[in-house]
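Before anything else, here is the set of structures, which you'll find just below.
One chain, chain A, links the two complexes that follow: it is found with chain B in the first and with chain C in the second.
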Partner chain A sequence: MRKLRQYFLLIFMLVIWGLLTAGCSQEHRFIKKVTFKGTNSIMITFAGPVDESWAKDTGNYAIYEKPDPDILLKITHITLTPDKKSVILSLEDDLNQQQPHILSIKGILSEGRSQGTATVTVKKLYFGYLFSILIGAMIIGNFVFTKYLGLCVFFGTSQKKTTAIGMGITFTLVIIVASMMSWFLYQFVLKPFRLDYLQIVVFIGLVSLSVQAVDTVLRKINPALFKAFGVFLVLVIANCIILATPLILADNEYNAWESLMLATGAGLGFLIALFLMACVRERLEISNVPPTYRGLPISFIVAGLFALAFMGFSGMVIF
Partner chain B sequence: MDPVLIKMAIIGLVVLGCIGLFFGIGLALAAHKFAVEINPKVEEVLESLAGAQ
Partner chain C sequence: MFFAGILAENPIFRLALSMCPAVGISTTVMNGVLLGIAVLFVQVFSSCTISAIKDYIHPRIRIPTYTLTIATWVTVIDLVLAAYMPEAYKAMGIFVKLIVAFAIITMRLEMFASKNPIIPSFWDSVGMGLGFMFGMMALGFVRELLGAGTLFGHDILGFRPLLFFILPAAGFFCVGFMMAIFNYVELVLKRMKQEKS
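The block that comes next holds the complex of A and B.
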């Protein structure tokens, strides 16, 4: 029985892995690598040698930043490496390398044979990009302090450090489960059936579903943990960060890893926010606050000060 | 009404219904599998109390 379960788990993980890679890769079979090179050029590496007359024609390439498909970037000249396997496109202006770029290559000709048209995404070093999403959601664009989301749970559970940490951990767990599920549903169900306009309804259902699922499983598997964190699970449903994250990742067309990073960043950012706030509020309890400000009003003022402090991170660029 | 729109709406209803059904059954099975035994006497005692508070 135990062995059977292990096999089942292994197959399940393989299926998930297959789906993840299927959802991630959109690369063309003839293109090996596309990277930024220097400040204003892009290098394309093909799997085989390409024809020089085709490669030197600027009309065969179209490149734009992902958010602005109507602004094509101008290519000044094209260099072909001696082995004819790499092409370097030099552009007129410097590239904004924080944005992913879309490069479409028309009718690739290799030794007289057509390899079809390819549309590829050019991104900076991938792990750096993932890391920047994580830090971006966690600190630079902290959901509580820069987007003002999830405030009611934030003020409700930040009175004591232990409660704050418990809530933060539960929240991170649930948000990862919910976001990955909604990413999956968005990519493989809503988009193919053109039901994008129902995403809010579906995501609300998914959030409460994942909360219920975590509740059911945790109650049986780890009763001690459930006793500690079970109270917060109900509160998580009423949080809007957990709904905002699926909407953001659907809007930006993130792939699985990017979604995972965004969800983790949002969860950890909320944990940080709760912990910082709890530290201050524990001190406020014993300090001499004017009676009109005691309790929630002074907490709102402190949250505002935190938001001001977090403004210092805005516009920061990693990698 | 444009028949294309009606078709889209029906597809939406069917797909959403299927998602709901799928996850509903999934949750029910999970609840069944991970059921926690609760002492029935606890409920009985709670029932017999006045319960005003």
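The block that comes next holds the complex of A and C.
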């Protein structure tokens, strides 16, 4: 019985892995590697030698940034390496390497035989890219201080450091569960069946569902933890960040790992924001504030100062 | 009842609910008007829907019902705005979709629409929606006039008095000062009442 269960678990994980890799990879069998080279060129490595007359024709390549497919980037010249396996495309302008680029290659000719047309994504080194998403969501594009989301809960639970940490941790847990579920549903149900317009209804339902699920699981597995964090679970639903993250994931077409990083970054960013705010508000309690500013108004002004400070991170580039 | 939502129970400055858009996109008066209209639409229609079907909702599933009703109407306004006003829709960004998570709408459904017939809930929701619109417009007025020297895109002052107010971070300051003004008015009124009695 136990062995059977283990097998089931193994099969389930394999299926998930298969779905994930099938969902992410769109590489062509004849193309080994595509990378950025320098500031304004892209290097394509093929599995075999390609014909020179084909490779030198700029009309065979089309490059654009993933968000704007209408703007094609202009190629100035093409160099072929002596072994004819790599092609370097030099572009007119510098590339914005933060964005993934789509490169489509028409009718690849290798030793007279056609290898079909390929569409590949050019990205920075993958772990660096993931890390930059994490830090981007956590600090550079902090959801509270630079995107102004989740303010109701932010001002409601930042009076004390202990509450702030409790809320932050609960929120991080729930947002990871909720975003991963909504990513899965969006990629494998809503998109294939062209139900994109149901996004809002489905995501809000999923968020409430995952809050309920975390509530039930935590209550059974770890009653002590539930006692400490249970009160915050209700508040999580009222937070806009938890709904904004799935919408951003859907807009940007992130894959599973990128979604995980964005969700973690959003949760940790909220935790950082809450903790910083709680530290200041504890001090405000004992300071002499004019009566008209007492309570929320002064907290807003403090948050504004934080937001100014966080503006200093804007435009920062990691990797 | 109708005027309660505009001043005494203003959603932004008095109840301190749904503040994300108040801080985020109140840089111009026009943004305030547009998002105000969207919120008004969602508030009125979901209030009427809930008050029409309130007898058939089991009390234990009322919150999910409210959420789904709101989500449906938000989807409607989202698609309409995206189709007919693409420019304005782009300026408001994700906030139109996030109307779902506005506490003010759910709160009005729970406190008013689920207990009253359609006509009173209609007027209540109109008041609340207008209150939100008024708050957004007031913030947009201050920020646009002081930051860019314009109103509704027309040049009024001819110069830019305080560029700081057009910065995103100034939204927090603006809401803070406005709340302080509301508190001050309330304090003065209270003192006047005490002196009378």
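Following the convention adopted for this analysis, the second predicted complex is superposed on the first by the 309 of 319 C-alpha atoms of A that agree within 3 Å, B and C clash if a C-alpha of one lies under 4 Å from a C-alpha of the other, contacts with A are read in each partner's own complex, and residues count from 1 in each chain.
Going forward, a contact is a pair of C-beta atoms (placed from the backbone, for glycine too) under 8 Å apart; a residue touches a chain by one contact, two chains touch by 3 or more.
These figures come from a predicted structure and were not determined experimentally.
By the document's definition of touching, of the two partners only chain C reaches A:248; chain B does not.
Chain A is touched at more residues by one of its partners, and among chain B and chain C that partner is C. Of the two partner chains placed around the shared chain by superposition, neither chain B nor chain C is touched by A:10. Contacts of A:289 after superposition: neither chain B nor chain C is touched.
Once chain A of one complex is fitted onto chain A of the other, the partner contacts of A:151 are limited to chain C, with no touch recorded for chain B. Of the two partner chains, neither chain B nor chain C is touched by A:279. In the overlay built on the shared chain, the residue A:72 is in contact with neither chain B nor chain C. Contacts of A:221 after superposition: chain B is touched, whereas chain C is not reached.
Of the two partner chains, neither chain B nor chain C is touched by A:316. Of the two partner chains, chain C is the only one that A:204 touches; chain B does not reach it.
The interface of chain A with chain B overlaps its interface with chain C at residues 198, 201, 205. Chain C meets chain A in the complex at residues 16-21, 23-24, 64, 67-68, 71-72, 74-75, 78-79, 94, 97-98, 100-101, 103, 167-173, 175-177, 179-181, 183-184, 187.
On the chain A side of its complex with chain C, the touching residues are 145-152, 155, 197-201, 204-205, 208, 238-240, 242-244, 247-248, 291-293, 296-301, 303-304, 307-308, 310-311. For chain A in complex with chain B, the residues that touch the partner chain are 185, 189, 193-195, 198, 201-202, 205-206, 209, 212-213, 216-217, 219-221, 223.
Those residues of chain B lying in contact with chain A across their complex are 8, 11-12, 15-16, 19-20, 23, 27, 30-31, 34-36.
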